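Below are structures written as structure tokens.
Next come two complexes built around subunit A: one with subunit B, the other with subunit C.
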Partner chain A sequence: MKVKMLSRNPDSYVRETKLDLQRVPRNYDPTLHPFEVPREYVRALNATKLERVFAKPFLASLDGHRDGVSCLAKHPKSLATVLSGACDGEVRIWNLTKRKCIHMIQAHEGFVRGICTRFCGTSFFTVGDDKTVKQWKMDGPSFGEEEEPLHTILGKTVYTGIDHHWKEAVFATCGQQVDIWDEQRSSPICSMTWGFDSISSVKFNPIETFLLGSCASDRNIVLYDMRQATPLKKVILDMRTNTICWNPMEAFIFTAANEDYNLYTFDMRALDTPVMVHMDHVSAVLDVDYSPTGKDFVSASFDKSIRIFPVDKSRSREVYHTKRMQHVICVKWTSDSKYIMCGSDEMNIRLWKANASEKLGVLTSREKAATDYNQRLKEKFQHHPHIKRISRHRHLPKSIYSQIQEQRVMKEARRRKELNRIKHSKPGSVQRVSEKKKRVVAVVK
Partner chain B sequence: METVPKPGSRVPPKKDKLQGKKKKPRRYWEEETTPTAAEASPGPPRKRKRNRELRPQKPKNTHSTKKSRISKKPQVPKKPRERRSPGPQRSLSGAQDPFAGPAPVPVEVVQKFCRIDKSKKLPRSETKIRSRLEAAEAQEEEISVKAARSELLLAEEPGFLEGEDGEDTAKICQADIVEAVDIASAAKHFDLNLRQFGPYRLNYSRTGRHLAFGGRRGHVASLDWVTKKLMCEINVMEAVRDIRFLHSEALLAVAQNRWLHIYDNQGIELHCIRRCDRITRLEFLPFHFLLATASETGFLTYLDVSVGKIVAALNARAGRLDVMTQNPYNAVIQLGHSNGTVSLWSPAMKEPLAKILCHRGGVRAVAVDSTGTHMATSGLDHQLKIFDLRGTFQPLSARTLPQGAGHLAFSQRGLLAAGTGDVVNIWAGQGKASPPSLEQPYLTHRLSGHVHGLQFCPFEDVLGVGHGGGITSMLVPGAAEPNFDGLESNPYRSRKQRQEWEVKALLEKVPAELICLDPRALAEVDVISLEQEKKERLERLGYDPDTKPPFQPKPKQKGRSSTASLVKRKRKVMDEEHRDKVRQSLGQQPQKQEKAKPAGARPSALDRFVR
Partner chain C sequence: MSSSRAAESSLLALNQQEELEDLPREYPLSTSEDEGDSDGERKHQKLLEAISSLDGKNRRKLAERSEASLKVSEFNVSSEGSGEKLVLSDLLEPVKTSSSLAAVKKQLNRVKSKKTVELPLHREEIERIHREVAFNKTSQVLSKWDPVVQKNRQAEQLVFPLSKQQSVFAPIEHVVSGWKARTPLEQEIFNLLHKNKQPVTDPLLTPMEKASLKAMSLEEVKMRRAELQRARALQSYYEARARREKKIKSKKYHKLLKKGKAKQALKEFEKLRKVNPAAALEELEKLEKARMMARQAMQEQLARNKELMQKIQVASESAEEEGVAEEEGEPFVPDVVNEVQVKASGPNPWMFRNHSSDTKEAEVQGDPEELAEPAAQEAPESEEEGPVVAEEILLKEFEERRSLRQKSGLKQIAKPVGSQETKDPSSQGVLSELRALSQKLNRENHQSRKQELSSKRTVLAVQREEPAGEEEEPLLLQRPERARTLDELEELGKEGCFQNKELPRAAVEGQQWERNPSNHLGVPKEKKRKEQMIDLQNLLTTKSPSMKSLAVPTTEELEDEEERDQRQMIKEAFAGDDVIRDFLKEKREAVEASKPKDVDLTLPGWGEWGGVGLKPSAKKRRRFLIKAPEGPPRKDENLPNVILSEKRNIHAAAHQVRMLPYPFTHHQQFERTIQTPIGSTWNTQRAFQKLTMPKVVTKPGHIIKPIKAEDVGYRSSSRSDLSVVQRNPKRLSIRHKKQLKKNSVD
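The block that comes next holds the complex of A and B.
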């Protein structure tokens, strides 16, 4: 007879002293871990609930401006520095870690229409209603000096926007035409027009740095090539576009913030159909900015809220609002992709977390592992109705909520009408136009 | 032994290219050692030859070396060293790794950890979804290989009992085993002579550390049976029908004559649940925190012990219920009835999930093994049957016992114990997932009284038997899972660990409505509601948004965009689609014909009339 009994030595399973860690032998045999899927589901449900519990995105409000904030700019080299221009011509430089204004300039008379930093971070440019372009030192005057711009350019017409080239000493302004300036000269290198109308914003492409995009109030978005000194092509939409923003990871993708409450992501190569129509806002979209990862963007709207959209989704994943925040005029996503800043009508700049439930600060490795695991679980079970409902739920102010309902009814009525029209006309004579194509009026080359 | 390829090997070209591109900074010693080592490697020539066969193209750097550190000669550019190459590698000392690459993993072990069914083909879908599915599948495979590899770290081996040639292990009595094994194991065999309070029911806690037993005449005790430390001993002055630990050893449910009572580990009565009356059998579902009770009145009641609510009270409509067991794989409760059927219940359904006709007479005992594949039943017709629970519910094997078994229990490694009268028989199978073969018993043991309760102790090679004369703890080598998981149920856990585990377990309490026959159903695609949703959407929109738009030829330049050529291109695409359709329908037809024709039959003249 040969016999062996299972006989464990307790010493190898119990810690030796109280200072040791407890011993936890593992065995991954599935029969010892029954109900794997239901337990993971419950964990995912708990994680989703906790995510909503911890979703407290608002971090700080920077107050100090004496009029509505009209434009924001990021510092290219320092994460903590932010520049803002106000409707009374004042420019302030903020330190985000201290949450204080470190510098203040009375830059223009009337609005500061645009502000942009030089790629090296030593100076910045502003344009204002007083028909001037001014270049300022970032550091401010030394003791006893007067605050004066490095350069001032007097123009003939009002400038409404400015953007600096990402690599060279060149910047572009827009107003009645798009002007491209060398920093050293007081007259533009070239100015480009296509039709006669006021152009509201101009943006350099961060990857293909000689490309520009602009949007004008005659409802078109025009693309230019700096080398050719002529416009490339333009797309005319249903309504006016307020700003565009290029995707920092994909050179040919840009998103346009439109007056018709939607955002349109276009592929530059095929402008006749937008890649995606992002709809969730209930009023005109005023500003848009991409995350440095190029996967999400944030949009500011006249409906007193900002929303975060994934690039490939038509619905927003997040909406931020507070009771005191009025029409949001400008928004920026910080370069570390963790925070969002928005400047609004009621003179405040607000700082938000880009990921509402993220824990800030240094995480221990166990915390990090736990958040990673929970993230994966949430992804795995995201389509289960219960989890979906919880993760999608957002509280909205009553004005936005009721407007969403109203617009849903309107949209439904329009759709019904279209269906009826198709039904009662000769088959094939009335074509159904997709939501994407509907908004594009024409593409001109 | 077959081996599984490395998980990464599915998509090798990309990876290799990447690795090839990345140049590792060359250290001064590398250049010195490699060539000389190649010269001076002490391995036998045969081996080297084999290696050369494996990696024929490897260039040997024979240029010199010892002074290269000092002399500033321009270095000859060399091939970047490939990392993780499958061939044998030369180490610093020059010795070659005879077992290069990752260690091989046996296929059967990988199979055990595999969660996806490889036999199912991936559905025809969009390339995006398809590539995502493929990536998920590759990841799954990698995980199972990793898990299989971690088997190596398991510390304990299962026990066994083998006779000499021709010796029947069933003839080996307990005294012999006790004599042969070590003292620690021998101490696990004991008898408690408790003749006074009559036949006992018993229950081990989930960690296998604690034992609770209750006698018909009201004697209830719980003890740490390994150290033989008594936790509590009381007499409830009422008949005790069944006894069961709740999620931890601190709580004890006792089915008494009238009502269900819950005691703590000091014997203090915490609750008396009057809504559960005249209970005959108790069963605790640890992951759902449900206490299932079967009553004389024919009700199966689920009590949520974490909140103290009754989740469901189901009327089985089959008279008195006194045979109950749970399926540890899917938490389905199985009731045995006097008409010979076994019914499967979930708290989410008012009706049984399934009914299985098992015996001619009434069912006396039911047991389900830990993998949830086999169910053993015994009936009044003296039969002992083993059923397959995976879908078909067909009997796999059956045998007649002279007296018929009154109690059945499965061990963690698939041993089946049956109590017939005052004898306990144990049958063993081939392995963990195979059914026990009922021909030859593995062990038998005669007790001093009639068997009244049976349970294998988890994680110990011990079978606890409650009988008329008290409690017997039998040694059954090879019964239990040798390696426990410290985070699930740890017999050696400290108080702090238990508390932490309790909080975690309560946080991930599975809702009662998720109990169903297939516990993995939650991870499957819900095709029915998907189709329903699609239908509703189609109705709402008035058109199908997923249909492919008709082909529109792209305009071409330089006069190639004439109407004729546009039409020609359109027709080309249309014809291609038509051909595809025809090809598909042709592919389906021959199968039908093959089915109709019996294989190997000669053609008959009457075939022409076959439709």
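The block that comes next holds the complex of A and C.
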């Protein structure tokens, strides 16, 4: 009698090592896997809910300053090092992994107005209310040595901001004019003015490094060309701009943090209309910093919160706040694009995750695949009402919440008034001006 | 200004003239000076002056000076000591008295011709211009980033950091020295390398390679390649042309060609004779020689031909030879000669055929090599225009004729095929008509469908516009409560669902419509054919007022005449088909379809005798039939001219997307994206990975630097950002000084 047996090749089901996953033969016949859309929808819904559940962005608070933190700087070579200047003239260098202050300098009398690191990371510069520019060594003095700046430059006026060139031994300060300094000289090699006003911040373009942008208290933003030693163009906005930040991936894009609660992203070649107006803050925006990927930026506001905006969206995707955080004065996005630091009035530097629900640490490949899949599902079903609502939900302190409501009413009233005006005037005599154009007063050549 | 200057100069000239006239009068005064006794005279003069000054008119008269003295006043020339009066004309008189004033005139002219220098611009104006120029320059520099930015924005995936960290290169000599050839193959390879003196250490290239690398830069190579390409194209063109010309068998053409050439040669010769008689003579000799040679060759050819023709037992070799000979002698020997010869001495037709075919073969073989030459010859010829035009015309004629011939041939081929389909012209005509008709119908059909779509779209567009008018809704939904648990999130979702319920009915309806258009257009297929002809569907769906009035008979009496007319027209147009009845039928069907169905659970054969044609008993049927509950009354129950679909599920609607989201332009696109699953349950591993690829990838613990020109393949400018600033430090320092001054003043 012939005996028939089922036989399979063990290669198709036996795994090579016990660490491998079990081989699961699959049949991709779509009739065997029905209800694709509903099943994926449920998965997306769950992923969205879990995202909100795991959204715990606050990581640490670095305390030690004895006055409000006025400025922050990243170390160009080390991710773990952060520098901060306080309103009492103290500069601290922090180690983020240990979350401790590793070095402390009494750098100035009065405010430390600005701080920036040299591109090589060996030294840093500070400017203060005492009309000095000081260069310091990054690592502190050796034993027995006294803490002293490498160089000190005495100026005639107060310097309100400083930024270092991205490649060369040159830095720029601002005050009554924008000065370009050679590190070796005690007088500026070039100073550029356009009108007389106190300039609050100056920033080098990280890509085309000869470009500079500054903003002054007479509501304007001025662009400079260092090579030609001349200002280029000036745009005057409705209200004062506190600071600007260049996009590190797009050479001609910069964002300005304005007093009128908004941020304006400009293409520097066409200053008459901003590319995007970012609005969500309910008080003056004090600082802005781009993520190194150039896809998002973070803004710090006087309304005690920081917000993260996608570059191409006018509304924020995230808002961070804590009970104890007061007016946020400065904010920085770390150079690995994973974290955000903000310094605030109540003397603390806070460390946040840039992506609120991201799991930190090393992920296994399966975890990674799962997060990628979830992310994609969330994107795919983002327009569905349930999912949209859950992913958009944020808790806000009452003060901000009520402010938002109030401003919404005000805005609506203004809109209605405008509409009425158009309605009741001769057709064509009153034009509707777009929100973007409304804020730009003039562009001066 | 220039005019005033001219006036001045003319005045000056006048003065000079006057002085010239004055001169003779003054001479006596100066001569008197020589006579001596000047002392007394001076005293006398002084006295006179003192007296004259007494009258008070010009009391203060300054002393005049005509000679060097100790007392020098900057206001006056004193003549004290010289004892004589200095006259202005003395000073102005030229050393040499020249009667002609040409030099002065020249000078004057020169002065007149010179234009005044323009006023310099205002400083602010200059600065503004500087700024504008600088801005334009900078924006030009920046616009090189445009493609990069575009690419990055649209990229499927961006991996940061952009610049790959360069792995540390170990120099090859280190690697080589620490490694020995073990296997025979390796040894063999090394032997080879050593034999060829391939350098193993630092300069990895042999001197030859280096030289070749250095020989051409990329641009040169590109240029060279372009040149070669062009040359090749030209060559192929000339080859084609030569081939074409070669095929021409017309005697007329060749005669013309020859004539043209001769004429051209003559012309050139004339020209040459005028310009350079010696060269012309040489040319003439050359021509003579060429003619001689040609004649000789021809005669030889003829002789050989005769010989060959006489030999009856021709060997194939000789034929080949002849072929070669013909090739060589071709430019001189026209085809006619051969042909005539053949015909004349054609006793053997076999031989003739053999011969001709052979030659043809030879020709064909010889063609490519041969063609290059005429091409080369043609190149200079084409530059001479006169004869070429005639040639070209002729060529064209032949081309046309050939094409005609080919066409006729094609027709002959095509005809039988056509005749199989249509046997006579009349039937063909009918067919063509039919075809045209069908095309028309198709077109109409298409249009009607378009109209349908557009009508629907307008409705939807209106709905869409409404929210578009609002602002962009915030990405975040901010509220003072915190959602802590999954349950709370669930709640959130429910709230959203309630919100959704409030949306306007019309919008929902429209959406529904959009989602399943087949619902409303659910017409039996037989009808569709009819509709295609007259497009009833379109008329029904577009809500023209006249149609409404049609659907509601005898309700409104107060209609305008126009409307009545229109109605009449429509009635006439659709005299054949009853729209109203169609509609009613449609509605009945829709109502039937939407009614809940009874469920019949009878199983024929159970508990009964089986067989063909047997039915379950009525009792059984009654027992196992589950009657569907009567649903709520239809909403269009009392609306005779409306069909309201009731397929919409309110419970599902809460989960459905209300509006078409932004990047999508059509609902079908959106539906398709939703319908394609991305999970690994439905996709292979590879596809799954591809579908879930994250848009931005960052490496933990790596610093992401700003984008650099080198990262994207641009050359970074070697120029330092400070170059200009340092080049003219003086200007800047001055400026800086001013700045400092201002500061100190402040």
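The rule is simple: the second predicted complex is superposed on the first by the 422 of 445 C-alpha atoms of A that agree within 3 Å, B and C clash if a C-alpha of one lies under 4 Å from a C-alpha of the other, contacts with A are read in each partner's own complex, and residues count from 1 in each chain.
Note that a contact is a pair of C-beta atoms (placed from the backbone, for glycine too) under 8 Å apart; a residue touches a chain by one contact, two chains touch by 3 or more.
This one's a predicted model, so the numbers in the text were calculated from it and none came from an experiment.
Asks: Give one of first, second, both or neither to describe whether A:Met1 is in contact with subunit B, with subunit C, with both, or with none.
Replies: Only subunit B; A:Met1 stays clear of subunit C.
Asks: If you stack the two complexes on chain A, which partner ends up touching A:Leu419: first (subunit B), second (subunit C), both, or neither?
Replies: After superposing on A, A:Leu419 lies in contact with subunit B but is clear of subunit C.
Asks: Identify which of subunit B and subunit C touches the larger number of residues of subunit A.
Replies: Of the two chains, more subunit A residues are contacted by C.
Asks: Taking the superposition as given, does A:Thr31 touch the first partner, subunit B, the second, subunit C, both, or neither?
Replies: A:Thr31 sits against subunit B, while subunit C stays out of touch.
Asks: Name the contact category of A:Lys437: first (subunit B only), second (subunit C only), both, or neither.
Replies: Touch status of A:Lys437: no partner.
Asks: Thinking of the overlay built on chain A, is A:Tyr41 touched by subunit B (first), by subunit C (second), by both, or by neither?
Replies: After superposition on chain A, A:Tyr41 lies in contact with both partners, subunit B and subunit C.
Asks: Applying the touch criterion given at the start, work out whether A:Arg324 contacts subunit B, subunit C, both or neither, answering first, second, both or neither.
Replies: It touches nothing on subunit B or subunit C.
Asks: Kindly classify A:Lys359 by the partners it touches after superposition: subunit B alone (first), subunit C alone (second), both, or neither?
Replies: In the superposition, A:Lys359 touches no partner, neither subunit B nor subunit C.
Asks: Examine A:Val14 and indicate which partner it touches, taking first as subunit B and second as subunit C; both and neither are also allowed.
Replies: A:Val14 contacts subunit B only, not subunit C.
Asks: Name the residues of subunit A shared by its contacts with subunit B and its contacts with subunit C.
Replies: Overlap of subunit B and subunit C footprints on subunit A: residues 28, 30, 33, 36-37, 39, 41, 43, 384.
Asks: Give the list of subunit C residues in touch with subunit A in this complex.
Replies: Touch list, subunit C to subunit A: 127-128, 130-132, 134-135, 137-139, 141-143, 145, 149, 152, 158, 160, 472-483, 485-486, 489-490, 492-493, 495-497, 499-500, 654-658, 661, 673-675, 677-684, 688-689, 691-694, 696, 698-709, 719-726, 729, 732, 735-736, 739-740, 743-744.
Asks: Within the complex, which stretch of subunit A touches subunit B?
Replies: Listed in rising order, the residues of subunit A that touch subunit B are 1-8, 10, 12-14, 22-39, 41-43, 46, 384, 415, 419, 422-423, 432.
Asks: Can you check the complex and tell me which residues of subunit A touch subunit C?
Replies: That would be residues 28, 30, 33, 36-37, 39-41, 43, 45, 49, 52-53, 76-77, 79, 156-157, 165-168, 170, 176-177, 180, 182, 187-191, 193, 206-211, 223, 225-233, 248-253, 268-269, 280, 292-295, 313-319, 335-338, 362, 369, 372-373, 375-377, 380-381, 383-386, 388-390, 392-398, 400-401, 404, 445 of subunit A.
Asks: Flag every residue of subunit B that touches subunit A in the complex, lowest number first.
Replies: 112-113, 115, 147, 150, 153-164, 167, 169, 172, 176-177, 180-182, 184-185, 188, 287, 328-331, 370-371, 412, 432, 459-461, 475, 477, 480-488, 490-492, 494, 496-497, 507-511, 514, 519-523, 541-543
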